[in-house]
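Should a chain be cited, it is by its letter among A, B, C, D, E and F, assigned in written order, with residues numbered from 1 in that chain.
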Amino acid sequence: MPAKPIEIRTSPHLKRAMSVDRIMRSVVIALLPICAFSIYQFGLSALLLILTTTAVAMATEWLFARLSGQGNTLTDWSVVITGILLALTLPPGFPLWMAAVAAFVGVALGKALFGGLGFNVMNAALVGRAFVQAAFPVAITTWTPAFAPGRFTEVIPSTLTMPFMQPVPVADWIAGLQLDAWSGATPLALQKFQQIEPPVTEVFTGMIAGSAGETSALLILLCGLWLAFKRVLDWRIPVAVMAGAALTALPFWLLDSSANPSPGFVLFTGGLMLGAWFMASDLVGSPVTVSGMVIYGVFIGALTVIIRLFGGLVEGVMYAILLANAAAPLISSWTQPKVYGAVKQSRKVK
Amino acid sequence: MQAESLYSIFLNAAIVNNFVLALFLGICPFLGVSAKKETAWNMGLATMFVMLVSSAAAYGINWLLTELELEFLRLICYIAVIASAVQLVEMFVKRFSPALFRSLGIFLPLITTNCAILGLALFQTAKEYSFVQSLVYALGAGVGFMLALMLMAGLREKLELARVPDVSQGAAMSLMLAGLLSLAFMGFAGLGGSVG
Amino acid sequence: MANLPNTTENLSLDTFVRGLWRENPVFVMLLGMCPVLAVTNTTMNALAMGLATTFVLVCSSVLVSLLRNWIPKQVRIASYIVIIATFVTIVDYGIQAISLELYAALGAFIQLIVANCVILGRAEAYASKQRLHTTLINSLGMGAGFTIALLSLGTVREVLGNGTLLGIPLFGENFQPWVVMILPPGGFFVLGTWLLLFNWLRLRKERKALQHAGVPANAG
Amino acid sequence: MGLQSLFHRHPTFEHGIYPVEHKELTADKPIRRLSFAPELVIPLAQHKGAPAVPLVKVGQEVVRGEPIARAEGFVSVPMHAPATGIISAIERVPTAEGPKAPAIRLKVYEAASQQVLYDFERDLEVMTPDSIISAVQDAGLVGLGGAAFPSHVKMRPPEGRTIHTVIVNGCECEPYLTCDHRIMLEQTDALFRGIRLAMKATGAQRAIIGVEDNKLDAVAHLRKYLAGEAARDPSAASVITAQAVETKYPQGAEKMLISSLLGKEVPMGGLPADLGVAVYNVGTLAQMGDLLPKGRGLIERVVTVSGPAVEHPGNFMVPIGTPVRFLLEQVGLADDVGEVILGGPMMGMAVASLDVPVTKAVSGVVALRQEDPDLHQRKVYPCIKCGECLKACPISLNPSMLGELAQARQYPRMAEEFNLDQCFECGCCAYVCPSNIPLTQYFRIAKSINRDLANG
Amino acid sequence: MNIKVEVQAQQPATPSWAMLRTLAGIALLSGLLVVLIYQYTKPIIAENQRVLTEQAVFEVLPGAVTKVDLRLTDAGLSPADAGTEGLRLFAGFNADGTLRGVAFPAAARGYQDIIEFLFGYDPACACIIGSKVLRSTETPGLGDKIDTDPAFLQNFEALDARLNAAGTGLANAIVLVKHGTKTEPWQIDGISGATISGNAMARALNQSAQQIVPVIQRDRDVLSAATPRP
Amino acid sequence: MLSILTAVGFMATLGLLLAIILIVANRWLYVYEDPRIDQVEDLLPRANCGACGTAGCRPFAEMLVKGEIEPGRCTVNSTEMNQVIADFLGVDLGAGEKRVARLACAGGDHVAGMRAAYQGLHTCRAAALVSGGGKGCAWGCLGLGDCEVVCDFNAIQLDRHGLPVVDESKCTACGDCVDVCPKDLFSLHPVSHRLWVACKNLDFGDEAERQCAVVCTACGRCAQDSPEGLIEIRDNLAQVDYGKNALASKVAIERCPTGAIVWLEPGGLVLKGRDARKVIRKEALPIT
């Protein structure tokens, strides 16, 4: 018979084992192979970049959580994802001070301002990236080649730029590496401005220039699939993004395959894969309803391709995700599920 | 640039150079009535309507003033005509459809002092748009205004239930949200024109 | 305190000062936001816009105040708008005559002063009820408050976004400007940050005040 | 699990969850009887509807089976003495619902036998539907599936509706509980007699027994029985069928089971009768089949006593009114018991006092240990909009939004815009929520406050 | 607490006459004010405008000290007398009165909005000799390099714009190439980080030049005739 | 000169045109709304609490102007302010006696026991829905402070024993606490109702006393000592008939063994009878 007074709780008295910190930790684990590949590809600079953004993001989160009296929110691990993902979307030679600005702005403006985890309206990492893209457009479109010799012993010259100063131009450094002419350009830029389409296989496996963590579509796909399999993320969003992108690209490619990229190329270049699996799938920024998730995903995929093909920018994943984040509340409220037994769907447009 | 295609005019006004998020026109109502989706929708409709009306009116006035060589009176005439047109519409709605007035009409006076309307009239004159182009431009601007307003309203309704810290409550948060939206809209840059 | 109609104000220091801070049209009343955001990418533009707006504000307020007893209620908005538009046109041509480059930089926003809610708002809420001299002083204060707000944005945006102040480089050759500051998002962010700062100060003051008062003891 | 649901062989409904079942603890324990508790407590309101009115006085002697309270109106049922003894008091007693409520206390004679001393023979063949309905009411039968709604009321559908199908609910989707499983195996005769009575009373042409596919042995058993019957009397063949449905919580909820079996949804705010359906729990029908021929009243029911804190879990035939404390003493309760739940762990009610009695609605008593991970106080995070709750809610509500509105205390809006009233508190959303938000609790609060507001 | 409320009688209906009088009066007053200001500033603004145009023309035609306005009509080049309609061009002349070149406008959609340019063309060397951005909303510090970056502007000091054999268009279309890859005299060496703006400039120039240069070469006599009267 | 004339002429025409349009509009389209509604609304506190019995301050203002309700009904405004409104509209103030919220429970956690440990959302409503909450007394205050949270006027604070205390000076009788309490322990009473039974327990005698030291055991002494009909024992609880409030006096509380019935002095002082058992209380009902 009970020694202590018995307890009373409300039902249900059972609970699934999944919790927020576990979800977030799984995502971090899934990101580690991608980080490792990035470091293997770009060397010391990529390592420093990842460490910087993660550290600054965590520090910012800690600071704001303290200021707003929320206690320690680092334990939910979400900000670690933000930090790592931010680094993975930046060019490998991006000056560290700018990366720090991105991480700070991303967490402060993208998350803390609205109350922290769960209340941010847009993807925190991408808010940071969009901010520095608008602030330092030259630095963020300066690409360096992968597999540069000596990458594990020395950093890319622009990495260690003094705070608030302009990065040194890396053109001479790249020339000094004596790689072939296009190695510093990303496949997307080659395609857009020169109509040269590098082989998809090369793009797929990551033997190319690009942001620190977006180059190997294959690895990202595997890590993403693992998360989807573990039911950490909803597979619908990434699949919808990829389908939306491929289906939008298809007609243009069929019309003029010399000027427009193939659906395969569209899928496996730029940030699309990373964006689809790790950023569009961010739970907080996506709609809660299942049909909403599909609409949201297709919207991101289609918009990315439209920006790539017709916009002034070479890559549109980031903006597509941010815009979709902004539209997510509307999508959610327009796709409220049909309640069991509801005779006619009482949909409220406004 | 009379040759600009209607499609390009529309995209430009609605998205690329969105009146609110890129050109900073109509910020006051944008901040003021974007708290609820429903009011935002009504405000958007009302603005769109007034934009079309005043675009047509402005085109006519401009023609008249040019004929009379009185271009220097353009500003005064535009604003006077727009203001009275709005007031007339408002009274009309209030008198004949109190229900519509409650949902739409209360925004009409707000629109009078909305620079987006006057800006539209001035821009279409400066760009020397034809009548049809002007209307398309007005429609684009209206759609863009509605888009910005609805996105903002969606976000603000979501944040209404959020644990927003005291410091960022109110106008500060709205401005930051608008900044984020404006940042995201930069992705549309160059859209509608040909590249490369 | 209830604000009752038909109360004429007596001239005091506050008539002028409250426009600067307590009733600052931008930071407190959030009026006339469009020019505040649009033409503050440089300090010079901000200053010019501030002065132009102040001019229109003062002139139209004075005229409205003078005419207040003649304008019937039903046509007051139309009358005010025509008055304001007149002064804006004057400013418009004035600036063109002074410098076409400045005119180009300010774009359509000179003409858009017409639609600036601060001016109509002042005409409606203050000038139409107050005597000439208080109106003059009050509108000067409001104009100054508006100009200060514009400048507070303009300086930050120019310094960060361009590394210069009034066109003079501040940080030397290699400074990396933050382009975003002079772009549209930068306008929102800088104004938002100012408001955050003011919010924070206000909250801190309130907390302090509460502490001083002490939590009221509740013993029966 | 997601993949599994793609390939499931048995019909099912949309959404829902798959909690660990723990049924192995008692699934193979036959139903046993315990001795009488020294004192039984029979609350007068054990069912939905008007409380019963006592027929006895303090000090009066009653025999097992004798009516001790009468029904008050149509939506009400009488009570019968569960044991032979003496009425010791009629007073307020603690109940599982919270407020103290009037009850009859019965001091059981020490030597009281299990024999029912108050009954008479009834000839079922000559009974009309109306006489069945009044006999069911006289038996004090209520839904034993948990809702305790008077069973005879469901036999008389609202004006303009006819019942064509009786659905027999043998799902038992709550973890731990196995009483319905045992009833299907052990009281098959009575069950089928009950089904036939229900069909006759409602005028239904067919009956479907829905059983979750974790009890395929029961399905096989029922089918064998039916086959045997059909062999004897070919005309009765195929009127009653046994159908396996997917093992998924809350398969046993009436609306879900109807969807699974018939592919139709009960209209919002409507009744199963709108689809021509009446749903009965297997326990209810088995009791009906057992009690009606003998002219007896409902004085006991099968209860699963289980859970990690119970030393000898099992299924027991328990007299109504037995204090939970007595029941747990009989099966052995661990010292570190954390919670005692009446019903299953998903929908059941934790009791504040072990002195509350087993009532007609109690299908199980589950005792959890203090260190049970399910009981741990977990950190509650803000809603991360993962949408899991939407994917779990069998009613397709938006618990995420409802939860946020509840936290903002916008209760009326929850009902007006987000169909709060459709929520039947199954607990799926709270079960899956990774942020550990007590969603179901929020919804109970909201409903309770909305009720108060509606009542002025 | 000292609050006074003036109880207002129900408003008397305003006589229409007052409304008419007020509005018409104010409009009249305003018209008067505006027209006076306009009359006063008109010459000043015109002068400002002239100086500005002149500066731009002299900038794209280095060495020119006088300019003559021309119009591009359907028939060809003609002096800008009152009444001639058509695209505005400017002929620039050296101090010694010789033709320095022709300035012509061009426009194309850039990164943000339409950019308007003025280019200088020297018929003698058959090349572009200068450029100026008249109106642009390109990103400061990035897109606006097309008007400020000295290295980029070097492209326009002697950009090949020869006519093809038939005289109907340029022999080689003017194109933008990626920074550092210029090989031909008709190519423009791009700005890294502002490819789009550079591209817009190249497109604008190419489009206008294809249309205007043949006419200039054909109507050189009109140009000589237009030599400014001292 | 010509252009000056056309300009001035044009503007004058425009002005006239606009004026005519507005005049016509004014004639045909004008909708009258009593301007006093706005003015009165300005004088109201805009708390929209509904204590006046209308849906909010604006409807209240409309009814005031129509003369359908008295200004005194607003309990949030100061009396002076309501007087201003009354003068403005030329009506009577019509204020009733001040009412406050009273709590029918005195069982803080030092006098009333617990039977189970409630875990979950920290609100009374939530706890009450789980087997009635963990408190030994099924009728008593759960002490999780829903009333404290809901009071917009900060009139309620929980004392250290988890019992809400109402600050009479702040309470506006808005009734929010009455609505929110899941145990229905609050009710609104005129301040002149001094005799107060601070208990709702319906158990009798020892059974009741096992649950709480300050419970009403239904011993009936208060009823015996009071004038006929003032106090009645119903359902094992002493109940005061406030229709006979004039007869109430301190005599009623003198012999109460537990101190469940009290005498409330103005200013929040609570008097308990001589025979009442000593209970140590730091704050709240300071039983002497």
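Throughout what follows, contacts are C-beta pairs under 8 Å (C-beta built on N, C-alpha and C of every residue); 3 or more make two chains touch, one makes a residue touch a chain.
In this text the structure is predicted, and so the values were computed from the model without any measurement.
Engineer: On a CA-centroid basis, which chain has its centre farthest from chain A's?
Structural biologist: Ranked by distance of C-alpha centres from chain A, the top chain is F.
Engineer: Among the chains, which one keeps its Cα centre farthest from the Cα centre of chain E?
Structural biologist: If we average the C-alpha coordinates per chain, D ends up farthest from chain E.
Engineer: In whole angstrom, how far does the Cα centroid of chain A sit from the Cα centroid of chain B?
Structural biologist: Each chain reduced to its C-alpha mean, chain A and chain B end up 33 Å apart.
Engineer: Averaging over Cα atoms per chain, report the distance between chain A and chain E in Å.
Structural biologist: Comparing mean C-alpha positions, chain E is 43 Å from chain A.
Engineer: Could you tell me the distance, in whole angstrom, between the mean C-alpha positions of chain D and chain F?
Structural biologist: 42
Engineer: Distance-wise, how many Å sit between the C-alpha centres of chain B and chain E, to the nearest whole number?
Structural biologist: Those two chain centres are 29 Å apart.
Engineer: What are the residue numbers in chain C that touch two or more other chains?
Structural biologist: 2, 4-5, 74-75, 78, 82, 85-86, 89, 93, 179-180, 183, 185-186, 189, in rising order.
Engineer: Multi-chain contacts only, two chains or more: what residues does chain E have there?
Structural biologist: In chain E, 3, 5, 8, 11, 14, 19, 22-23, 26-27, 30-31, 34-35, 38, 111-112, 139, 142, 196 touch at least two other chains.
Engineer: Please list all residues of chain F that touch 2 or more other chains.
Structural biologist: Expected reply: 3, 7, 10-11, 14-15, 18-19, 22-23, 26, 39, 43, 115-116, 118-120, 126, 129-131, 133-134.
Engineer: Among the chains present, which pairs are found to touch?
Structural biologist: A-B, A-C, A-D, A-E, A-F, B-C, B-D, B-E, B-F, C-E, C-F, D-F, E-F
Engineer: For the complex, which residues does chain F have touching chain B?
Structural biologist: The contact residues of chain F facing chain B are 3, 6-7, 10-11, 14, 18, 21-22, 25-26, 28-31.
Engineer: Sort out for me which residues of chain D touch chain A in the complex.
Structural biologist: Residues 2, 17, 19-20, 175, 255, 259, 265-270, 325, 328-329, 333, 335-341, 345-352, 354, 366, 368, 370, 373-375, 378-379, 381-388, 390-391, 394-398, 400-401, 417-419, 422, 425, 427-428, 430-432, 434-436, 438, 440-441, 444 of chain D touch chain A in their complex.
Engineer: Over in the complex, which chain C residues touch chain A? Could you list them?
Structural biologist: For chain C paired with chain A, touching residues are 171, 174-176, 178-181, 183, 185-186, 189.
Engineer: Using the touch rule from the top, collect the residues of chain B that touch chain A in their complex.
Structural biologist: Counting only chain B, the residues touching chain A are 37-38, 41, 150-151, 154-155, 157-159, 162-165, 168, 173, 176-177, 179-181, 183-193, 195-196.
Engineer: Across the complex, what residues on chain E touch chain C?
Structural biologist: 3-6, 8, 11, 14, 18-19, 22-23, 26-27, 29-30, 33-34, 37-38, 41, 44-45, 48-49, 52, 135, 139-142
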